[in-house]
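Chain nomenclature is as follows: A, B, C, D and E, assigned in order of appearance, with residue numbering initiated at 1 for each chain independently.
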């Protein structure tokens, strides 16, 4: 069964100087357990599409269903973990309590909360910083805390908007591995926005290439890589071929400006 | 002559829960015309060091000189163009007028201003957006505008804090090329923070690898690449060797946590 | 020859209480005397003596207790004439409270004006042997605002009224004299002198000013006489001078008639016996008297002497 | 319509509650009067009686409306009985005081964000200045000015400036400090002078705060003028109207003057709001 | 001629303050305003003597101090009556009501659009007009003063609170929506904390309003105690030193009141950039 099914989705923003066609005729279906990356130039509608999936925007036309429900129903059933492009931590809560916040909202027990917070803090390598306030951390650390927060409550669908943009490659590699491991173990469905071609290729079962003005999907590339992916798969021939394919698709999209 | 010379620079932040040693015993000399990249895990003091060079922070001990002057004197002579990690555009000015702002402050003539703004807008591929307000642009476009602003007044020293972090690879490649070209034509000295190993290797004459807690320099790698660098130099053997060297140095720095 | 300038500060807002001044102005009595008089209306927040001390006026209309208090505070202020012979202050009670004589005040709530007007009241309560601290053996005192609402709303059993103003308002509000019991300060033997004319002592050294004051007092008394004889016209003149536009004809007419009863019998000359009674009343004013010793030189007769020579 | 309908419905609710309250609060007096006259008062007559009293505890809305209408349209606007005339007297002093107060507040705020000495010396005293009961010192201000030969509009304007400078000061200090660290750092990296930083960064960032405070300040200025009008010899102006209404127990006149004052304030606030929208729009800050 | 001694009073403390301002110590934070105030008092004292200002217009600070010291029990009684009973209770009631109403109308844009413009209108009703009416309704004692204070503080706090509840940025709202939070949860976890800086802005502004309201209302009727009562009575006796002693009490109480609220604000909104400087 398709977890996410988009049929002819359009989305237009009305601005003072005319409408902006942020999504045009988007068709996509994501299966349970897929890891889908979205890649494309800035302004091509990646964020907008992710937000539409999470019921934070409403399509102007077309149908979008999540687990057979409307996105809004899915949101109310807490189907999503969402990592935003900016960390968005609450300045009045420590890192630990920021991570615990969605858990509080979803009614997890106190003991459960503590144990989950500890686990995800460890996962993003911030165990020593649980007691600090967000403004005491560097930008990259804040972003990691925000990832931890989205992971803490084990939603079935993870929507991640450039989660690793502000991180250095080493940490990024580690988090990539950790994320893959998590995905394999839990069978979550993940939609992931990135600007890095190697990252997209390394992580995904499906790579969606988008193009701007109007925002639309120009290619959907199914990965031929196995689900088990050691880091050095990045030196394999398949990997390099896929990377080239993605780069070409991207360049095509850029062609028209 | 060294443009920037750091000798035994230390910097400690006093926070509520004890001091943070953000820079420890940093020694570095940057020659005129160097392109120096700083790379290292998040929180290792890259931003802090850049800020210290720009006289936005004052070292707790040690000596830092810029063109033989103190950083503060250099700042008063408007020696720096600074691109911050976040765009920081003024919401009440259009993109063009944002870029013109430092020019106004430095007393450029109106005609000169217009011509410079047009030139840099073109450089960052935003010519069509000069009349828009910042909040009408996507994150990546805003970051490009902020780069254009720093380039507009032709400072001798460019300090850039992850300027391309929010851009997709295609645009990033183009801007990398443009930056290199600018650097070669003008002989500027550039200090550049990045998280991307290929980017650091592609751009730099010197790669500074840093490591956190306390923030310090662990390796300085001089590049053996020629000054002329077509994009496909990234497939050369030298490039791959250098990349491995940087990755290893980074990994060492990570070893202790 | 140029007219002599003179500024007078009234104690209260423009109303028929001061009809003498407005009539003298309007009928040209001041002009005939070669005077150029400016009349400044007052209000609850204006202490005429303060205006006098600040140089904002040459002569002020003030009640004697406040003037004597200021004199004891070191301000050399003297009475030069006394247009009001009698006191118009009284305590007005609702009959249904069962009050028939001052002996019934015990345990009742009384509204009193402060700002210097409380002293005759305190001295009265003193002579009655009533405490004013709110205990069951005395009376509860309220600082009354500017109107008669406390009586109408039954928040007080009695309130202070002037014969010429607030009493009329109580009647206008729909109560009849039969519903009310009144106690005039005059009849209780605790009256103090009201509207008199006061200047600073140094003014009396200035020959031109003295000349002007002499003419002013003469013309003013003429104004009061005229007003007493023609209350209707006086009320109209007052209405014309009221810049707030809030006064009503009926109310001002009644006020002019009542004021005539208070100025009756005064030529403008201060009666030493009235003065003495005022001082005695003030000196017996309970625990916190407004003056502590009999003042000296608090009035002069040189102006009225020359005016009514 | 989207904006008018809610206001109208809330207004309607208020008027209904008001009528009910008027009946309840005015009933005791009506009963008293009836008892004095020895009549008995059935409910309809009682309600009717509460609507037409001369000195009601709470005048009915239509009485106030009539008072307002008489005051505004009942005579020539130059007449002393015209609320328009009194409103004009009050308005002119208010505008003068507001201008003085706003300029002083902006100037002081500018000094305070630029100088630590100014901040530490002035701020606590600026706060203390606002706790002084203005009605208590207003007469002294009037007397002091009068002794210096200054009367009329200026003393009232000073009192209204005294009340209006504080909100501007507080809002402007906050506004001038809104630029975040990065924006200030950018200015520093360009070696901008203090004046350049002020005009190009601090002031534009402060404008939304400034306008918010100006709205508060203009209302405060009006209150200041009215307070200043009480001891200024209770001659003219809405304050004098209020007070004389109070002396003579003309409840309806008090309420009419009260509403006229509030209406004037509403107009002034709306005017500033219009200027705000225009300015922010031209600056591209209105979204 | 008069200006020379004035300059001699003014210059040394000014220089001292500039020097003190260089040091960031907390002692300087206290010392500087004190020195500044002391300088003003010195100028005042000097001017009263040098220009021969009559005591019935403006008493010298020394006379005010003497009156203050001599009347402490009286001043304390007035303070309790006016500040503690009138102003404080009114402020607490007004603030509580305002916050409650802000939360109630928060869900209804209709009520907000209807109430806020009318709120602005009511907030502009001059206190000198309302006070006599409320005294007529609520009696002479502190209850009517508290009522005046409630009317004065209600709308500034309401407006700030409504603004504060709206102030959360789009990102934070999206986040909490993505977690499927209920209205109540979003309110408690996100919007109330976020509104705190705004709320305190309103609370701080209204501290001084509350004092003025309570004192001024006493001018329109009161029992025979209270600061407004004393001031108007003392003016009648030309006891200006006592008037200013009461004003001093008002200023001290007001500054302390403001200071306490500001202190609580720093505790509650420690995370806000303006508190972190």
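Everything below uses one rule, namely that a residue touches a chain if its C-beta (ideal position, glycine included) is under 8 Å from a C-beta of that chain, and two chains touch if they have at least 3 such contacts.
Model, not experiment: these values are computed from the prediction.
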item: Mutual neighbours - chains that touch chain A and chain C alike; value: E
item: Set of chains adjacent to chain B and to chain D; value: none
item: Distance between chain centroids, defined by C-alpha means - chain D, chain E (Å); value: 17
item: Separation of chain A from chain D, taking each centre as the mean of its C-alpha atoms, in whole Å; value: 53
item: Whole-Å separation of chain centres (CA-atom averages), chain A against chain E; value: 50
item: Chain B-chain C separation of Cα centroids, rounded to whole Å; value: 84
item: Multi-partner residues of chain B (each touching 2 or more other chains); value: none
item: Where chain C touches two or more other chains at once, by residue number; value: 44-45, 47, 50, 54, 145-147, 149, 153
item: Sites on chain D at which at least two other chains make contact; value: 57, 135, 139-140, 143-144, 147, 180, 230, 243, 246
item: Each pair of chains that touches, named by its two labels; value: A-B, A-E, B-D, C-D, C-E, D-E
item: Complex contact set, residues of chain D against chain B; value: 180, 182-183, 185-193, 196, 200-201, 204, 283-285, 287
item: Parts of chain D lying in touch with chain E, wherever the complex brings them together; value: 2-3, 6-11, 14, 25, 57-58, 115-117, 120-125, 127-137, 139-140, 143-144, 147, 166-167, 170, 174, 177, 180, 216, 219, 222-223, 226-227, 230, 238-239, 242-243, 246, 254, 257-258, 261-266, 269
item: Touching residues on chain C, where the partner in the complex is chain D; value: 13, 40-47, 50-51, 54-56, 145-149, 152-153, 169, 172-176, 179, 242-248, 251
item: Residue numbers on chain B that touch chain D, as the complex places them; value: 51, 54-56, 75-78, 80-82, 84, 86, 88, 90-94, 101-102, 104-106, 133, 135, 153, 159
item: List of chain B residues in touch with chain A within their complex; value: 15, 17, 39-43, 47, 85, 125, 136-141, 162, 165-172, 195-197, 247, 250-251, 254, 257
